[in-house]
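The following pair of complexes shares a single chain, chain A, combined with chain B in the former and chain C in the latter.
Right after this comes the complex of A and B.
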């Protein structure tokens, strides 16, 4: 099993441990990763120009297509953006021609032969729970996790085809295989607030605060995220704006590959356990 | 551009005409996490578009408060791509140089856009510098965070570029037609 790893722009700066933990976990599971020099997924420029967004996303798909390899991305916003572009190009021939005419200048072409997949989909559908389970050396005992889905993986379901957009279950099942228990929380499918961070901070914090309270009321010890932006919000922003300011008790957020990697018995350093701003080291106390 | 021409322009965009399918049920507004903070909730905004009140639409904060969570889109009984329409409205507002009361957002998006154009990807330090020139108080308030990120080696200072950023040069033609927001 082989994929081109699409990190997106934010992971290398903000969440290098998301990359290292994803690589470590996938290596253990025998998934090979290829590095291609991708560009921006297009998501941040969607607010400004439709075709520029499409071109930016399509160029990445075309780069992977040239090497005939599917894309794996740990970021749900990159995933959504690439899936959107794929859908739009399939749907509309004149768009496809326009984009291809630009890509052609550098010998690239989009024909829709490769797919973009999210880390969680690869783990669930391609690797499979059975294989993952076989690698678990230290299952968690008594750990309660609030799995946070992330909007752009789930919706619009017709385009991203990640899971049932209204009643998804793959994240909880991926959590369950580690031995941890997923709590049932009503806001699990809601926005983390990060899209408004830096643009309207009070609103952004308000959305996050509601989610954090909802997770702790449901009895969760940790949030679990598998998206760049959501993790930046729940880790970096939560620490700086809510905990430092003494506005609420912490609800640490662990990245899914960190959670899984510890249960595999991988070294905490490789998983970047100490890199989270809201300390997650206590999760190791639940390992059996 | 007058309201009528703006309305036609909106209808001509990809998905723009879908607003005509709206049955004004309000499911979008009910699904939206921020509709109570918006000048017009999505349902009202769509009614305004159909009434041709485009200036009011483009001046509203609604599209800028959209977090693109797509909750509205999966629930809309008419399958209107609500979130995608919000993107179109943002693009139009910037194009027309019409900015909402919360004028920072267009500037931030513009900063992202220019950076992608130049380097093919985003570089945090450059984003801060470019955006900071327009909104210095924001930059100062984020300075402490930047220092903390640096300490944990979670902030890159030297801007990186993809090897051939001019490959995204197609974006340039779109950029030159665009006016700054006022």
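Right after this comes the complex of A and C.
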């Protein structure tokens, strides 16, 4: 099993432990990763210019297509953006021609032969729960997790095809295989607030705060995220804006490959357990 | 005389220019925090930092950077071998030519007492070093033409750098080849070094030199008698051989001299070698005098940038002293060589091909910043494009990690964005929401005009069938987390999603475009997913943002240009 790893703009500098933990977990599971110099997925520019978004995303797909390899991304916004572009190009021949005429200038072409997949889909559908379970050495005991889905992986369901967009279960099942328990929380499908971070901070914080409270009320010990932007929101932004400001108690957020990696018995350093802004080291106390 | 005057004149300009450029590092402010310090404070902070660094263990780190990054240019090698080859050829070749050839009096002569420019190894090495520079220049030109990203960003500064070096190198090689065939120079050498005066005595030597050294004499036939040739060889062994290597050691100039041989009589007659000598040294002096104001200033600034950044440690008070940060940013602006590495790898570079805003490219953005901090008059459209480019950057740090001269570009981008915010030009998203709120009524006077379908969009918002299925159940609004966040959504958002869909259905696009809801949409797609009639609500909100941004931008520009025109008119009367 081989994929081109699509890190997006934020992981290398802001969330390097998401990369290291993803690599560590995938290596354990025998998933091979190839590095390609991709560009931005196009998600941020979509607010200003549709065709720039489409071109950015299509160029990435074309880069992977040139090497005939599917894309694996740990970021749900990158995933959504790539899937969206793929869908639009399939639907609309004139868009496809326009984009290809630009890509052609550098010898690239989009034909739709490769697919973009999210880390969680690869783990769930391609690797499979059975294989994952076979690698679990230290299942969690009594750990309560609030699995946060992330909007851009779920919706529009017709386009991203990640899971049932209004009643998904992949994430909870991936959490369950580690021995942890997923709490039932009403806001699990809601937005983390990050899309408006830097654009409308009070609103962005309001949305996050509601989710954090909802997770706490449901009895979760940790949030679990599998998206770059969601994690930046729940970790970096929560720490700087809510905890430092004394506005609420900590609700630490752990990245899914960190959660899984610890259950595999992987070294905490490789998983970047120390790198989270809101301390997650106490999660190790639940390992059996 | 003329030589000496021009040499000292260009040297003086070079020194004054360099001092001036370095002085600006303490004067220019990038980022709002930079204005808090006076030139004196910045100078003393830099001096303190410098002394502290030199007398600490970090001195060895500086030494390491000097060898690996400044001389061997490992940073460039890591990025791209061809680029490294290009740069090391130009840099190495030129520096060696400067030391061995241009400064042969003070340098080469001092080191080698038997130095003569016509003797090996110097004779050969001059061609070798020159060939290195020419190879480097050829790669540079080839890259700038074939690499699209570089072609787009190549400007007059880059062209000047290539042209001046090319003139120096070509005039040098041509000069040497003309000297090889020159009969007048032969005569001068005979006068200076051989004890011969009678033209008949010199004739055999001429025959020998015509045959073996490629000199073109008007009075030497192609097939001289062999005994004269032997006589000439004898004379040559007595008077010439000790000071003049064979010309074919000049492996570029000699073949070149064969090429110009048919024109030898006219070249010798006009003393073209003398004219070319003027071209050659004047080009060198122009290069020297203009160096502080050209791309070549990086010979001074880039090593400084590399070394300063090598000792930059965020835990260190010297370097993170805000006074030094301000100076460092100004210095880094000068250290940029416009090599284009950042642009070639920029994450958002593909956006340029659609929006055609060169300020998206880091290598071009830095030029805009230089102009802005130097206090130059900037046209509104340039400022607007700089604002857009600055915020399209996703702050991925890729440019910073790849910059061969170690510029902390991301830090410069963050600072210049703060400057933009201070000028009332924040992130376009924020700017557009505010502009929509305050100026929309004036801008959409003509809001009844339907949107013209644009090939650049999906035109969801202008197609009736997008909405015809909507029966106003308000599900989109009811599931919207943004709407739910406010007690009185209309007060904050102007309109809720179902109202926007309804307006669009009625063709009231202008009203929809002006509502703040579109800018506060978190793009969570709950509305679109829940819509029982499959209206693509979120996609439509995205499209409205694109359309509103375009309209607001052009309206703003028109507004500003008109204002500027008014002001100019007032000035005239």
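Note that the second predicted complex is superposed on the first by the 288 of 288 C-alpha atoms of A that agree within 3 Å, B and C clash if a C-alpha of one lies under 4 Å from a C-alpha of the other, contacts with A are read in each partner's own complex, and residues count from 1 in each chain.
FYI, a residue touches a chain if its C-beta (ideal position, glycine included) is under 8 Å from a C-beta of that chain, and two chains touch if they have at least 3 such contacts.
What you see is a predicted model, and the numbers here were worked out from it, not measured in a lab.
Upon superposition of the two complexes on chain A, a steric clash is found between chain B and chain C.
Of the two partner chains, neither chain B nor chain C is touched by A:272.
In the superposition on chain A, A:45 contacts both chain B and chain C. Shared-chain residue A:74: touches no atom of chain B or chain C.
In the superposition on chain A, A:155 makes contact with both chain B and chain C.
When the two complexes are overlaid on their common chain A, residue A:166 makes contact with chain B and with chain C alike. When the two complexes are overlaid on their common chain A, residue A:16 makes contact with chain B while staying clear of chain C. In the superposition on chain A, A:196 makes contact with both chain B and chain C. By the touch criterion defined above, A:102 reaches both chain B and chain C.
Within the superposed three-chain model, A:236 lies in touch with chain B and out of touch with chain C [touch as defined at top].
Of 55-63, 127-135, 181-189 or 343-351, the segment of chain C whose C-alpha atoms clash with chain B in the superposed model is 343-351. For the contact definition in use here, the residues of chain A common to its chain B contact set and its chain C contact set are 9-10, 12-13, 37, 39-40, 44-52, 55-56, 59, 88, 92, 102, 106, 151-152, 154-157, 165-166, 189-191, 193, 195-196, 198-200, 203, 207. The touching residues of chain C, when paired with chain A in their complex, are 148, 345-351, 353-355, 388, 392, 394-398, 427-430, 433, 455-458, 481-482, 485, 519-520, 522-526, 528-530, 536, 538, 542-543, 545-546, 549.
Those residues of chain A that touch chain B in the complex are listed here as 9-10, 12-16, 37-40, 44-52, 55-56, 59, 88, 92, 95, 102, 106, 151-152, 154-157, 165-166, 189-191, 193, 195-196, 198-200, 203, 207, 236, 240, 275, 277. The residues of chain B lying in touch with chain A in their complex are 13-14, 33-34, 37, 64-65, 67-71, 73-74, 81, 83, 87-88, 90-91, 94, 102, 104-105, 108-110, 112-113, 116, 120-124, 138, 142, 144-145, 148-149, 152-156, 160, 162-164, 167-168, 170-171, 174, 178. Contact residues on chain A toward chain C in their complex (touch as defined above): 9-10, 12-13, 37, 39-40, 44-52, 55-56, 59, 88, 92, 98, 102, 105-106, 151-152, 154-157, 165-166, 189-191, 193, 195-196, 198-200, 203, 206-207, 210.
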